[in-house]
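In this document, chain identifiers A, B, C and D correspond to the written order of the chains, with residue numbering beginning at 1 in each.
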C-alpha cells in the first residue's frame, strides 16, 4: 500500500487545485535497504526505521499509517497525542474496543483524521451517493454487496510474512471480514445508513497452513469466507458476502441498491461504470443504463481526461488525498473519519460474534 | 400456466421423438366460458368443470395439476388413487407434512410423477448439471442464487383473485419463498446436493392491501422478500435471496457455483447463455467464457435450430413433457419427482421457521 | 426451414386472435419417405411430391415456398397465376430481373404476398422501427450492420447437397450476400429508407471444395465474405459486413443506428434485448439502456409470457404468420411484400456488381 | 496532451526500473501565464515561449512534440538536426510527403525517435499482439475497427481555437481520418501487417461553423466521418469506421480480429478487458472469454497493482515513456518509430484520395 499512498500524495497536486501542497518528508519501514530503494523511487526526502522517531519529528504534520492492522492503534494514538494529523489504513482497529480508544484519543487531540476506505471515492460510487442524497431512489428496500476473490484456494499457500500477513489472525485480526467486508460495510453505511442487526456465518476451508515464520503447519484462524444477513435502520434488508474461494473472481466488489423509484449497481472490476435503472423512464423504454462515469460533470472526472477515457484503482487514493488536504487546510477531517470507521468496526464485531454464536446480533453504534 | 403446459404437450412431439404421443383429451376449469375458449384455442377435445370427474374418466392417463397451491394435495392424491400418472405445478404442497402425504400416496400408487420445476431444463442449466457431474468444478466452496422481481412495489396492487392469488397467503401458502425461492432451491439441490441448515429473514413491505374478494383492506400475510444463509451437506456456504421489490428486475433468477477448479454462472434474463470460468485454462488467458448454449451438442438443442438461434422460456416445458413421456413409457417418473420436490418443501419450511424464530434451523430430509 | 414455417402456422392461432385459421392442408417435397415423416410429425393432412400438383389443387389457398433460391421464381409465378396467395422464402429471387418478373406476376394476380424476412418481427426490431417512426432518433447519421458466422471455415466441408446448397452458387445465386446480407439489407431499408449507392468487396477464402453431387473438387463460386459501404437516401453513411469466417460467431447479426437525438443497437445473439441511448436524458445520467423487450406493451409480447421471460428465434415466424393472415383476411399483403423484397434484391445486385467492377454503383429502385 | 506526457514522464520511474531517469527540464508554450502555471503544477524546471530556443539548449536531450499537426514537421526536423531525440504526437505529419521528409531527417540524424500512438500500450492490446505473434489465431480472415465519438453533433460548436483546432482543416490536416482512424490504422498495421488497397467515403455533416478566430461562419473542411474497406497484404478483409456523430459513444475505439483458430476483440471503453475466443477449446464449452487483463503475467501489469485492479488511459503514456527510455539508453528507437508512423500516414493519404476519387486506391509503403 506504500506505493498507492505515495502515488496519491504525488499526483494530487498535479490534478487538483489544493490549498496546501503535500511534501514527502519521511518514510518509515523496518527493512532499511528496501526502505531506501522505496524512498529513492518515490522521492521521499528522508527515512526512519522506528515510527516513534517519526512521531517526534517537528517537521512532520501528518502521520499516514499503512502497517498491518495490529499496530494501527498504537501508532495512531501516539501520533494524535503528538498533535499530528492522522491518516490510517483500514480497518481502523483490531476490534471495537480498540477502535473506541483510538476515536477517543484522536477526538481529544482534535486533529484532522481519515481512514483509507478508498472505494468511496471511485467516481461511480461517489456519484451513486449523490443520486441517493438527491432522493432519486425513494424508499430503499434492498442492499446487496459482495467482495469475492480466489487467491487463497491453493492449500500450498503459507500464512504470515510479507504479503501474507492477511492470512495470519494475529496480525490481521480477522480474515475476509476485516479485509474485504469492511470495505463493503463502509460503503453501505455511507450510502444506506446504519445497520441494526446481523446474522452471520463464517468458514475456514483450509484448516492448516505452513507459517512462513515458523516453517510449521499451524491452524488457520482467520475466516476464509463470511456471509451475513442484515437489517438496516431504514427498514431495508441486506446481504453481504465475501470469500477468497470464489474461483474466477480477482477482486469482484459489487453493490446494488433497490429503491422504490430507482436502482443502482456497481462493480469494481469495471469501476468506471454505474448501472442505473429509473422507473420514471417511459414504460417500454425502461432499461438498466450503463453510465460510463467519465464525463466532466461526474464527480472528480473534470480533473482527469476527456469523456470516455477511464481512470483506475490508484485514482481513488489521489481523490482521498485531495479531499483530505482540502479539509485539513480548514482544520476539518475528511470522511470516513476515525469515528465513521468505528461504526464499520462495530458491524464487523457483530458479524464475527453472530458467526460464533449462531444468533442474530445487535450492532453497537459509534 | 395452462398455456405453457398445453404448448408443451403440443410441441413435444413436433421436436422430439417420443415413444408415446400426448393427446389433449380434456381440460378442466371453473369458469366454463373461459374454459371453452381455451379448449378451442389449444385443441382440447373435451372439458370438465369439476376436477373429480376428470379423475374418474377412463380415457385419461395423466392428470396435470396447475391450480393454486392450496389444491395440489387433494387433486394429486385423488389422481394417484385412481391410478393416473400425475404432473403437478410447483411448489408441491402448502408445507412439508402435506407434501409427505402426497409422496406417500403417489409412491403407494406407483404411478409416474413429476413436479414442474421447469428451470432444470433450460439447456444452459442442464448443461451446468452435466459439467458438475463430470467433476469439472472440483470441491464446491460456494453457491449463490437469487430471484428478483419488482411487480408488487405499488401499494395500489390488490391481493387475491385471478392473477393475484400469489399475494394471498390462504391460496399461496407463502410469498416469494414458495413462489420464487422454491425454484432456486430445487435447482440448488439438484446441482449441489442437500442443504443442512439455514438462517433466514423475511419482510412484508406493504402491510395492508385491498382484497379483490372482499374489496376491503386486509393484512398482507405473505413474505414480500426473503433471504437466507445456508450450509450444504458438501461443506459449501450459500446465500439465497428473493424479493418482489427489486426495482429494475422482472424475473432475474441467477445462480453461481464456485468450485476449486471451475465456476459457473447463469441468469434467466439471458437464459441461453452459460458463464464458465476454468482455472485449468492457460494463466494469462483465463477469463469467464460466455457460452451461447445453442449448439447441436448442447442439451436439448440438437432438437431445435441451427447454432446461434436461441429458444425461450416455454421450451423448458416442452423439454419437461418430452422427458416425462419418455420416462413414463417405461413406467418411470421424471425428475424432479414428488419426493424430490418434498425435499425442496422441507427447505422452504425450515426457511420460514428460521425467519419466524430468528435461529439457525436444521432441514428435514425427504 | 420447413419446421419453422409449420411451427409458425401451428402456433399462430394459439397465441394470437386471428380472423382465419391456417390449416396444414398439404406439404410438398421430393423425398417421399422424409416427407411422410415430416407430415406425420407436424400434422399435415396430405402431401405431394410435385409442387405443380399443389398449385393445381382447389383446396389450397396459400402456397408457401421454402425451396432453394433457384426455384422461387417458377413456383411463385405459377402459384400467382393460379390465384393462390404466396409466401416466399428469402431472398426473393436469383437476381433483380428475375425478381421483377415475380413482382409483375404477383401484382397482376393481385394476391396477398409476403417474403420471409423474419427478423423484422423480432419484438426488439419491431420496437426499434416504432421508435424511429416516432421521430425519437432525429436526423440519422449512421447505420451499421453485420452478420457473422463461422461454420464454413473448415476446408473439408463439401459444397452442394442437402444442408449445403448454400455453398453452391448454382442453387444459391450468391454466398453470404443473398443469404445473410439480404437480411441486413431488408431490415435497413425498413428502418432507414432506400440506399442510393454502394462500394463493395467480396472474397472466397476456400477456392475449391468437393461437390457432394459429383464427389469431385470444384471451384467455389459463392462469396464467403462481403463488405460494403453505402450511402442512404436520407444522407446517412453505412457499412454492411457479412462472412462465414468470423471465428466465434454463430449467427451474430447486429445493427446500430446513430441519430442526432438517440441511438439504437440490436444483436441477434441476445434478440430479446434492445440497447437504446437517448441524449435527452439528464446529462450525467446518460447511458446505454439495456431494454429487456419482454413486457406486455412491447410489440407482440402481450401475446406471450409475463415480463422477463424471453422468446426465441421461431417466434418471428409465428408473428409473420399472424400478420400475414390478418392482412390476407382483408385482401392485403403483409410486409415485406414481393415488391419490398425486390428492393433488397436490387441492393444485392448492386453490391455484387460493385465487388466485380471495383467501382461505386448506383442502386436501382423497385 | 501536455498533462498526459508530463504525467508519463513523472510516473515512469516510480513504477518501472529505468536505465535513465527523465528530468522535466523545460516546457514550451506560447501563452506564458498558462505555461508558468503548468510548469509549477508539474515541476518543470524552466520554460521557453519559442520552441527554437528549446532546440538550441545544450541541457535538453529529448524534444517531445505535442503541438497541433501543422507544426510537427518543422519542429521535429529542427530537433533532429540539433541531435536531439524526438518524441512526436500523432499523426506524424500533415501528409505522406511531409512525413517522408521527417523520416529522412530523423534517420539521417540517427537519433532515437517515437510517435505517440499510445493505444499500442494498453496492456490488453499489447497482449493481443503477443497472442498473434505466438500464432494462436492462425490464418487471419478479418479485421474490423471503429472509433466513434459524438462530441461535434451540435451545429453551435465553433471551429478553430484552443481545444477546437481539431475541427480546423488548416491546423489538423484532416478530421476523423488523422485524429481517430490514424489510431485504428496504427494498431492494425502493428497487429495485422500492411494494407494494400482501400475504398473510402467521407462526409461533412455540418457544412459551416463559426470560426473562433474570425467570428464568421466558414466552410467546414474536415471530414466528420470516414469509413473504408481495406485489403491487407495477408489476404484478410477489413473495415474501418470513424465518426464524431455516433450519438452515445464518447471514445469507442474497438477492434476485432478473426483468425482460423481464434478471435480477439477489444474496446477502449473497457480497456482493461480482452475478449478472446479459441476454437481449440472443447466443443460445447467454447465461448468468448472476458479476460480481465490485470494479472502480474499480463504485459506491463506486474508493475502496477494486484490482480483485479484496473489501470486507465494515462498509463499507456507511462508505458510508452518507460519503453522509450529503455530503448534510448541503448541508442534505439521505440515503436512506433517515425518510419512506422509514416506507413500509417500513407494509409490515411490513400483513404482521403479514395474518398475524393471514388476509386479503390493502392497504399504506398514506407
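Here are some notes:
In this text, a residue touches a chain if its C-beta (ideal position, glycine included) is under 8 Å from a C-beta of that chain, and two chains touch if they have at least 3 such contacts.
No experiment lies behind these values; they were computed from the predicted model shown.
Considering every other chain in turn, the ones in contact with both chain B and chain C prove to be A, D. By count of C-beta pairs in contact, C-D exceeds the other of the chain pairs B-D and C-D. In this assembly, the C-alpha centroid of chain C lies 40 Å from the C-alpha centroid of chain D. Centroids built from CA atoms put chain D at 36 Å from chain A. If you average the CA atoms of chain B and of chain D, the two centres end up 54 Å from each other.
Counting only residues that touch two or more partner chains, chain A has 249, 286, 288, 292, 295. By the touch criterion given at the top, residues 127, 131, 274, 276, 278, 281, 283-292, 295, 297-298 of chain B touch chain D in their complex.
Of all residues in chain C, those touching chain D in their complex are 141-142, 144, 146, 148, 150, 153, 199-201, 203, 205, 225, 227-229, 231, 235, 237, 239, 241, 243, 245-249, 258-263, 277, 279, 286, 288, 358-360. Residue ranges of chain B in contact with chain C, taken from their complex: 3-4, 6-7, 10-11, 13-15, 41-42, 149, 151, 249-252, 268-273, 292, 294-295, 304-315.
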